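Chain IDs A, B, C and D follow the sequence of writing; residue 1 opens each chain.
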Amino acid sequence: MRIFFIGDIVGRIGRKAVKEILPDLQKKHGFDFVIANGENAAGGFGLTKLVAQELYSYGINCLTMGNHTWDNKDILNIIDEYAIVRPLNYNLGSPGSGWRIFAINNKKLAVVNFIGQVFMDNNSPFDKYEQEIANIKKESDLIVIDFHAEATGEKLAFAHYVTADVSCVVGTHTHIQTADEKIIEQQTAYITDLGMTGAVDSILGMSKTSVIERFRYQIPQRFKVARGLYQLEGLLVDINDTTGKAESVLRIHQTSLK
Amino acid sequence: MRIFFIGDIVGRIGRKAVKEILPDLQKKHGFDFVIANGENAAGGFGLTKLVAQELYSYGINCLTMGNHTWDNKDILNIIDEYAIVRPLNYNLGSPGSGWRIFAINNKKLAVVNFIGQVFMDNNSPFDKYEQEIANIKKESDLIVIDFHAEATGEKLAFAHYVTADVSCVVGTHTHIQTADEKIIEQQTAYITDLGMTGAVDSILGMSKTSVIERFRYQIPQRFKVARGLYQLEGLLVDINDTTGKAESVLRIHQTSLK
Amino acid sequence: MRIFFIGDIVGRIGRKAVKEILPDLQKKHGFDFVIANGENAAGGFGLTKLVAQELYSYGINCLTMGNHTWDNKDILNIIDEYAIVRPLNYNLGSPGSGWRIFAINNKKLAVVNFIGQVFMDNNSPFDKYEQEIANIKKESDLIVIDFHAEATGEKLAFAHYVTADVSCVVGTHTHIQTADEKIIEQQTAYITDLGMTGAVDSILGMSKTSVIERFRYQIPQRFKVARGLYQLEGLLVDINDTTGKAESVLRIHQTSLK
Amino acid sequence: MRIFFIGDIVGRIGRKAVKEILPDLQKKHGFDFVIANGENAAGGFGLTKLVAQELYSYGINCLTMGNHTWDNKDILNIIDEYAIVRPLNYNLGSPGSGWRIFAINNKKLAVVNFIGQVFMDNNSPFDKYEQEIANIKKESDLIVIDFHAEATGEKLAFAHYVTADVSCVVGTHTHIQTADEKIIEQQTAYITDLGMTGAVDSILGMSKTSVIERFRYQIPQRFKVARGLYQLEGLLVDINDTTGKAESVLRIHQTSLK
């Protein structure tokens, strides 16, 4: 199957990028399933029911999250109903679920979300993986992971750690696409970061002025989503439905400037 | 002038990558000056006199540093004599200097090194830039910066902050090359991270096993430099000597597999 | 002179503690000057004009700040007029000032505020001290410092570093009073943390439920100031006006339960 | 039963403090069991077989650990044989155990060790507590916890979270004794930090010069254990064997200067 992973969608303009660019990509590449990181989709901070509905209407099939999961409390109303996948290594009893099963091509695809520990004050993704992988395998034929993390070393180490059972590990969170897409040990598709879907003329999707001010004077302020031209970034992955091995990766960076 | 920036050189195999790959690149692209990040050049941790000599003999003209600057105390013997550039935003009275002037094409090129504050416990690079930029401008015709930092937002914000006076800001430290090379406001060449020069089959240049073990069991251990095939990563930048504006950027990822 | 330092005042109940307890302490101990950390005085987050006026009306002479300095933007209207002291090691060009001179007993007392670097992403207090101490000495007869920081090692090291010129270093920020008050090298009065002025039945002055919930489920929520019985915590320091040496310290922990 | 908890023992001089001071305290207070934090007992970094033997010979009955658990690999040889308690919220499969049962007064006392998550990159202690508390209760009559953590808020929140089942939570790690010993809800004895057992004239037990140098110039160096006069710090707790409720706490700070 061919899966398209989309990097963190930031605000209204990020959703516009999906609306305008995704259909063309679908036409050109014909993917079977679209997974997007939605932690910044609602005004840059979290996800709402309306925003999730909008993104699904554009052809996204599954939304994963990250450190901004709970920024907008409206997610609590939809996290189960809409099968949103939040980091699995959250504490026990957290709302929602860290993995969900989707049926594609008569296969059960598990989409799993992890969040990093380094710099991010979360439970070890390695430890939680050990605790949960047997359950996930029991319920699924294929497994893909959105690893939402800061540190490149943690992302790479995690991907190498899970190659035996996982078809694909895509990194999110830094909002900057990396140039290291590859297939690890002829099995697991990998990229350190998918990049960002939103305003081109921005800092990580946000208005440049406010971000620069904060670094310059260290005075807290709420960042605003930037405007103008937009981009969509992600990774296209082909997985062999039978072997579970990734067979090709294609990095996507598409702007409204085409 | 054409400047080639090389991403963090990791250990003996990273130096071999420079030795084997740099001459071909020089032949093909004909650059005027080569700047490399050397903070991991000596066994993965810091720099020594012998290692610096070796790197200069391969055609590198200037070495910049980062959070591993002081890992090997031998650097204290050569930091001034060899014009090594360590982060400018270190505390006052730190050995060495945060910028050095090099004469190229009858121009005085200032090579400046900054280190990030986010996740890294350092003085604000924005603040130190304000304190020092007038002095640097007085002594130089052109300014380029190696910004050694973790957080993508800090790197991008800094680059946008300095466009008026700086021809080029290249990020280092994450050891993963990003795919976002560009020229900001038609002035300042930029990439979030140059990437890494060292072993291909590794985690950031280090042996995979030890890094994975540490994440898995959280037991400290000294990482070893990996072996095998090697790569050299960097960015080629053309700067207009008269206007100081960057005119083109070319991302380089070259492996021993050619 | 006798100076009374009050630990972080948290919210309305913290201000009530000052109103109810400070007069008795004044009667009993007869101090010449009262310095309080006000970073949490307005609803737990920052300072406003009305809150500052209220605290001054209770006998506080000087307010210092910390990582919550800018939480309430109203401080920008009064930071200079009311001689509020914010961390000196903020970036250049930040509003307000990191030290202020007060006239007491015909002496010029410099009250200086620093913020920690460890775990807190600020400029090095050691570095900024080196840059500013000559200026402060030129304008003052005596110097006292509120060092607002997390790490005990950084606080102790800083106090030992400045003994030659400073009569007193009191730590703030952790909201838990330490039992290590002393006079370093017969010169500099010291305590790692003054403690907290506010609700007794609380976590650091905040409602227990919300804090526990956040640790338990990691879901962000705005903490509310706790209620009920209150406490005032601080340190009383006697400084020899002529030599500048601290001569005695007395730790204060007073509750409404007396 | 009467339990004496001793704060982090630092190096040879810390062990000497135990040797010289503990017998007097035993004579005076007559405790039934002595628990000490041993993470810095071997030269400031970790624990060895010889050091553990020495400490047991002085009357310590149980050693707990912290972020320095694995600094000295010799601990791997004795961690089970000597019933050393390392943080429970380490990753699955880590050597040793996070709780051990000791028989005292015909009661089974569970000694549990947790490490903080805030600033420390560990699994959530709250989460691990939920996963393990039922097992611990099944095997024990009484439970006491050494919570080795940096952030005061995390320590307090954790203590309030576990009151229903735990007789005592003592904080360690900051090496500075706090003045907030108390019994939470008439059940759980508590102190934010026990303090440090080692050299008086030091920074957290280490030589002042090296620590100050590191803050001043940010150049890494191995700290050395300080010398001279010594201190022992801790907390004495009386627990009702039948109800499991703490009934009294007494903070201990004893120096060789008596």
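Definition applied: a contact is a pair of C-beta atoms (placed from the backbone, for glycine too) under 8 Å apart; a residue touches a chain by one contact, two chains touch by 3 or more.
Chain labels with UniProt names: A, B, C, D = TIGR00282 family metallophosphoesterase.
Fair warning: this is a prediction, and the values are worked out from it, not measured in the lab.
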Chain pair, A-B or A-D, that carries the greater number of C-beta contacts: A-B
Inter-centroid spacing, chain C versus chain A (mean Cα positions, whole Å): 43
Between chain D and chain A, distance of the C-alpha-averaged centres to the nearest whole Å: 41
Inter-centroid spacing, chain B versus chain A (mean Cα positions, whole Å): 30
Per-residue overlap in chain A, given as positions that touch at least 2 other chains: 91, 93, 122, 124, 126, 216, 218
Chain-level touch network, classified as line, ring, star, complete or other: complete
List of chain A residues in touch with chain B within their complex: 119, 124, 126, 150-154, 156-158, 160-161, 174-180, 192-193, 195, 203-204, 208, 211-212, 215-216, 218, 251, 253
List of chain D residues in touch with chain B within their complex: 70-71, 90-91, 93-94, 122, 216-220
Complex contacts: residues of chain D adjacent to chain A: 91-93, 117-118, 121-124, 126-127, 130-131
